[in-house]
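This is the structure, below, for whatever I ask next.
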Amino acid sequence: MTDTWLTTLITRTPQEGFELAITLSRRGVKYTQPDVSVLKSLRSEYANSADSLTAASQVIAINFQTIAAANGYWRK
Amino acid sequence: MTDTWLTTLITRTPQEGFELAITLSRRGVKYTQPDVSVLKSLRSEYANSADSLTAASQVIAINFQTIAAANGYWRK
Amino acid sequence: MTDTWLTTLITRTPQEGFELAITLSRRGVKYTQPDVSVLKSLRSEYANSADSLTAASQVIAINFQTIAAANGYWRK
Amino acid sequence: MTDTWLTTLITRTPQEGFELAITLSRRGVKYTQPDVSVLKSLRSEYANSADSLTAASQVIAINFQTIAAANGYWRK
Amino acid sequence: MTDTWLTTLITRTPQEGFELAITLSRRGVKYTQPDVSVLKSLRSEYANSADSLTAASQVIAINFQTIAAANGYWRK
Amino acid sequence: MTDTWLTTLITRTPQEGFELAITLSRRGVKYTQPDVSVLKSLRSEYANSADSLTAASQVIAINFQTIAAANGYWRK
């Protein structure tokens, strides 16, 4: 992957930080499986499984920890 | 998702922080599967499985780490 | 859940902190499945499975990280 | 459980800290399933499964993070 | 493994940090299974499973936490 | 286990730190299953499973967080 997609961890709001966490989580998948058509075919598998959705939410939570710390938790 | 749902990580009490952690955990699921009717149909799957409930509790615990740090652990 | 169950993360001893971590872990489950009769019926499922018990111990460990940090690790 | 088993997170060496992390991990299991005879019967299940052993090692790793931080990583 | 592959955790940008997190995650696998032909044969297994890809993304997220902290979150 | 195997978390380089993280991860397994012949017999099980290898890499990542923090991320 040669495109530039991550230049900063700083966001204006916690919500934007959360959405960046989602981007990181998806990129982690995409680096492992770059074929977008495969990723799309897998979507019905995990988007309809409670356990897969919980697992996805967990990866987001871990990435959000990083981003929240980077932003000093948007304290002010 | 264009609605604003997360403007601050600061809460008055640890319990409110824990409840915000639950909100984050659910939002992590909802960003991946936005269809509310699918989410409802999955509910009986995870709400009646001990392992699914433990996994849900784990995501909450991870998000609570972030929120507790943001609030200086409500030390005073 | 409208009852107040978490007013502070501060405990006198690490052991009380560990026990509070257990409370948080169980509350994480209970917010997701509030029906106590369902929770009781699931007990035999996870309490007799090595992997389920390890998973439960992991959630406790994550919550204990938070509580230990809040208490400055009970260093003095 | 009314016995006192955890009065400090401070240990003399990292190895003792690692062993305390094992104690915490086992206690997390034991609070959930206090019946020692059940725990013993489950032993053959997880002690002979690669994935169960990896999961056990993960809980130890999480608890070791807490204990290592408490001890300032035994830096001096 | 006697080759030198990790001399610093410092990267110029968060994206390079994320890519280093991927390297660490793959090295963690390779230390456990050094046989590259086995690793290649396993690729179709995990690259076509939603849950395996989520798990891979999670390991990357954990390693990215470490690298981001090492780099002071690339704040300036 | 009465042998001394962990006297410090400090390493000269990040790579040595990563390798120490592998040692901790394996020790976590070995404390739970000390029988080396059993561990060897389990090797083919996890070394040929993509998900088991990812899980192993995750434990290493968690232990590496601890060791990297202990070493101030080898920043200078």
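The chains carry the letters A, B, C, D, E and F, assigned in the order they are written, with residues numbered from 1 in each.
In this text, contacts are C-beta pairs under 8 Å (C-beta built on N, C-alpha and C of every residue); 3 or more make two chains touch, one makes a residue touch a chain.
Worth saying up front: this structure is predicted, and the values here are computed from it rather than measured.
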* If a chain touches subunit A and subunit B alike, it appears here -> none
* Is the contact between copies subunit C and subunit D built from the same residues on both sides or from different ones, judged by whether over half of the numbers are shared? -> different
* To do: Could you tell me the distance, in whole angstrom, between the mean C-alpha positions of subunit A and subunit C?
  => 27
* Centre to centre, by mean C-alpha position, how many angstrom separate subunit B and subunit F? -> 31
* Asked: For subunit A and subunit E, what's the span in angstrom between their mean Cα positions?
  -> 15
* Listing for subunit C: what residues touch at least two other chains? -> 46, 49, 51, 55-56, 58, 62, 65, 69
* To do: Assign the assembly's chain-to-chain touch graph to one of these shapes: line, ring, star, complete, other.
  => ring
* Structure fact -> Following the ring of touching chains out of subunit A and into subunit B yields A, B, C, D, F, E
* Provide the residue numbers of subunit C that touch subunit D in the complex, in ascending order. => 13-15, 18-19, 22, 46-51, 53-58, 60-62, 64-65, 68-69, 73-75
* Structure fact -> Within their complex, subunit D touches subunit C through residues 4-10, 24-29, 31-33, 38, 42-43, 45-46, 49, 51-52, 55-56, 58-59, 62-63, 65-66, 69-70
